[in-house]
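Shared between the two complexes below is chain A, which pairs with chain B and chain C, respectively.
Presenting the complex of A and B:
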């Protein structure tokens, strides 16, 4: 709390600067721009999932479903109700936030454990998937919807798409940083360790969990809607559990839960691995699996914490793992993200 | 502030059932400001359940709980905590990866009705750590402490929230006589220096009877006796229900 805001903001600014420079290198290649943009989409989902699972013990296996809510709702509002695309995206974001907040509220009130929340939200994902398939009049079922002309035209402007997504991601990192620099950060640290002790210490655990779920779901819904626009096409499968939730889970675990930069580093690594194994064709899945197993064996806590403690050994000032020195550690993490 | 005569805690007709089991039966009790009240009874008598009802972890089926004359029945635990109730758990849970100091700061930040500023928070943390004599362990992660140290951290966490009423659950089980003595001295200091009333559940009979001015005896969820320790220890109902013929043995073993 005593950390000056300039230092708190430093890792966020560093990441923003590095990622803002990416189009200078690959801006000419639409293919590479697309990979970079999809990396930002994944990073945003992972930031949200970090808040849900990492900090408030809410295993929401419905990130894809919430994103599809954002995507489909925004597109349908523009197509059928002729809403302005910005208004549609805003409404879709609010709808996703309300849905996530509601799921969280029910889970907390009914006292669902972490795994049970996982099962329930996975069931929600399957329900949403089948609804999208079944409500053909609205969603075109398996065929999907061509979204060109129904959004802000991000699909036709790769650079614009990249920077819009970057702005959203940087804003979410800044919000995360602010949250954990405030007294709310102490509350979240406490409740992620033990909810009963947190409650006995005067922390309104229900309110924090529901608020975090609503905020994270808003981010997911927003990015889901932007994805619908930039991708030019949506179908139930682009938002399926295997396409969204599993990569998000893997990216967060790889990068490091409960860290500022873990979601970004994890998303970058995931995208990189995804590209590296592409040439293997049929062997892609195998190569992918081997790489993931190796990464998990080497970086069980995630890359960011490992790098932090490695740097911490060399730089004594970074060593203490208390929340007050977290800002410095995140700066150390920032150099990793920059590579 | 409350009037001097107003009890800090007043429980009236508390009944709590778990399925067919009646854990608490029409329990009525009061704790005066700055009082040190012992709550004893055999295993399963409902002592911890009563503390849970008071601090809001558990909702009574009937009856009311009042703090300083204001009803708090059915309020969630965090709201009761902010109204000045500190609860120390029998088996401390705490926040394993937080340090001692960070843990106590959580109590200081969220446990009181006022929102203390940074300086005030730091002072409350210092005071609480000073009182439990854990100042030199402040940077250690709580997960690395032994059970007794964890209990003291939990106590410090509760104290940092400036409680009017402290609910202490078995602070002393497994301690040797010297440690027990230090612990009872600590509770007396908490009462005198911090002005908190203490409702104290304990199995170590010597420690309770020798320290408190009033003791409440629960058996099968009902209050069967209360009063000064010397008087309660001679009460025939207490001797029969709880202390039994082995009272002397229990005293020695305790």
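Presenting the complex of A and C:
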């Protein structure tokens, strides 16, 4: 790679530094700390969904279901099998990864388009939701499970919860940055533009899609499990499509698909909007819907690409790590060096 | 026997919902995820008219027309940008737009009319037909659905516009080349799908009640049937509806509603896995 790794890592480090400073400002208020932590949860989901939908065209409308798999499994393993909480979280992550990978494999094998993947995963989401409601012995149905004492105690330590989530998010951003700085990034760009051409030029499309789905699902499962711990309580509705998938979709569109920082910026803006409309109760759903329509119609690019083009060449490190912009950066870097 | 009749009538209800979705999908290349909310809009209008002491028949008609108008508005406004694209891109854009619309409508209904519900009571709860006791609601809903489908069939087979619509389903570009006004036919189709959904909402009102939060349930039921239909023709969807209606009635009679939902969803997923070329596949 001709782009030096320090410059590649710069935006990730910058985001980590800014977000690490947040508790200094709001650390005194448990309520604001909670919002900040939930923002990180949403950002992690959005990073995963960006990889799924943005880069590999897999409209996984089962982010909430995968998260609930991680959450419920980690809690039940500790409660019923007396597993160590870290091992339970690990197993839950693996289970989510396997599920996501399997769904992706089946979809790719059957040649499903975006629409079919969306329908299948939505149906899977609803099945999972109904199972969680129905398997009362295991999940307590609608009442949910109080997770206090069944995890790593993130619920009692808001600061610890925040930094654990931040670490997970920064790690996922770093992995994303690394992925798109490597040759795999070029392959992913090729297949997101045209899968047939990508396959013809020797890229194993199936393997890439399944690997991305498994990786993203692992992240979702892990964060779902951590969420179960820090929230102190889980029920089918906290992982429902309307509570997870729709916010994730809106946040990603708001921030900007196929960008490094889009999911994070989108999650932050979404949390802000969500706080503003919260007093109006049911209107939040209305706001999500209007936001989704307006964004997709008028602002499909998202905030990050718009800001990037506005900043232009001044801050090249902010640019998306796409192969095309990377190439442009090389050219720009060359001319700069020439001067 | 009662279960079979219930299943048949439920199947007709499902058909009313899903034929609209399939129709719009086949003709416009758009999967309307706000379909259930259109039905709820019709039901709520009917309920509000009834509250205002309007004649029940007129209220029902008003609700049905209102559902059609909501679908029509959706077509004339939000879906226009989608129609300008083709194939997969159109599908995706419309999918997200209608998903957003469905949330917006859901939020609006539950916020503005949380306590409005459509519940139509008939004079006699049950009647004796050929030796068995039947719920009057079943008979009325069955008759209403059959009459609606009869009218739809007459429209499709008997009128020029109906023929044009069937042409477009077969080949949009070809129909356009033959001078068919594709845009107008699409709008008419959206309106019809709304009307069918409105009738389904009335049926739900006869059976039990229709609340402002039932949109997603309707949409998902319509999607399941559309997926399981797995055939090109409306007849296929119709048969799938009747089949699923019977299965649904039988399962909820013997097993319980919670497992019924899972079974229906599982059937849909299984159909997609085994026969992905199913109903939804005939749009390229």
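Definition applied: the second predicted complex is superposed on the first by the 292 of 339 C-alpha atoms of A that agree within 3 Å, B and C clash if a C-alpha of one lies under 4 Å from a C-alpha of the other, contacts with A are read in each partner's own complex, and residues count from 1 in each chain.
Assume a residue touches a chain if its C-beta (ideal position, glycine included) is under 8 Å from a C-beta of that chain, and two chains touch if they have at least 3 such contacts.
These figures come from a predicted structure and were not determined experimentally.
Q: Go through the superposed model and pick first if A:182 touches only chain B, second if only chain C, both, or neither.
A: neither
Q: Is A:143 touching the first partner chain B, the second partner chain C, both, or neither of them?
A: neither
Q: Is A:29 in contact with chain B, with chain C, with both, or with neither (first, second, both, neither)?
A: neither
Q: Tell me which partner A:126 touches in the superposition: chain B (first), chain C (second), both or neither.
A: A:126 contacts chain C only, not chain B.
Q: When both complexes are superposed, which of chain B and chain C contacts more residues belonging to chain A?
A: It is C that touches the greater number of chain A residues.
Q: Quick one: is A:114 in contact with chain B, with chain C, with both, or with neither? Answer first, second, both or neither.
A: second
Q: Where does A:196 make contact in the superposed view: on chain B (first), on chain C (second), on both, or on neither?
A: first
Q: Give the list of chain A residues in touch with chain B in this complex.
A: The touching residues are 1-2, 183, 186-187, 189-190, 193-194, 196-206, 320-323.
Q: Chain A touches which residues of chain C in the complex?
A: Against chain A, chain C makes touches at 31, 78, 81, 88, 91-93, 95-97, 99-108, 110-111, 114, 220, 223-224, 227, 258-259, 261-262, 265-266, 268-269, 272-273, 276, 280.
Q: Touching residues of chain B toward chain A in the complex: what are they?
A: 55, 57, 76-79, 81-82, 87, 89, 93-99, 101-103, 105-107, 109-112, 118, 139, 154, 157-158, 161
Q: Would you tell me which residues of chain A are touching chain C in their complex?
A: Contacts found on chain A: 59, 106, 110-116, 118-120, 122-124, 126-127, 130-131, 133-134, 242, 246, 249, 280-293, 296-297.
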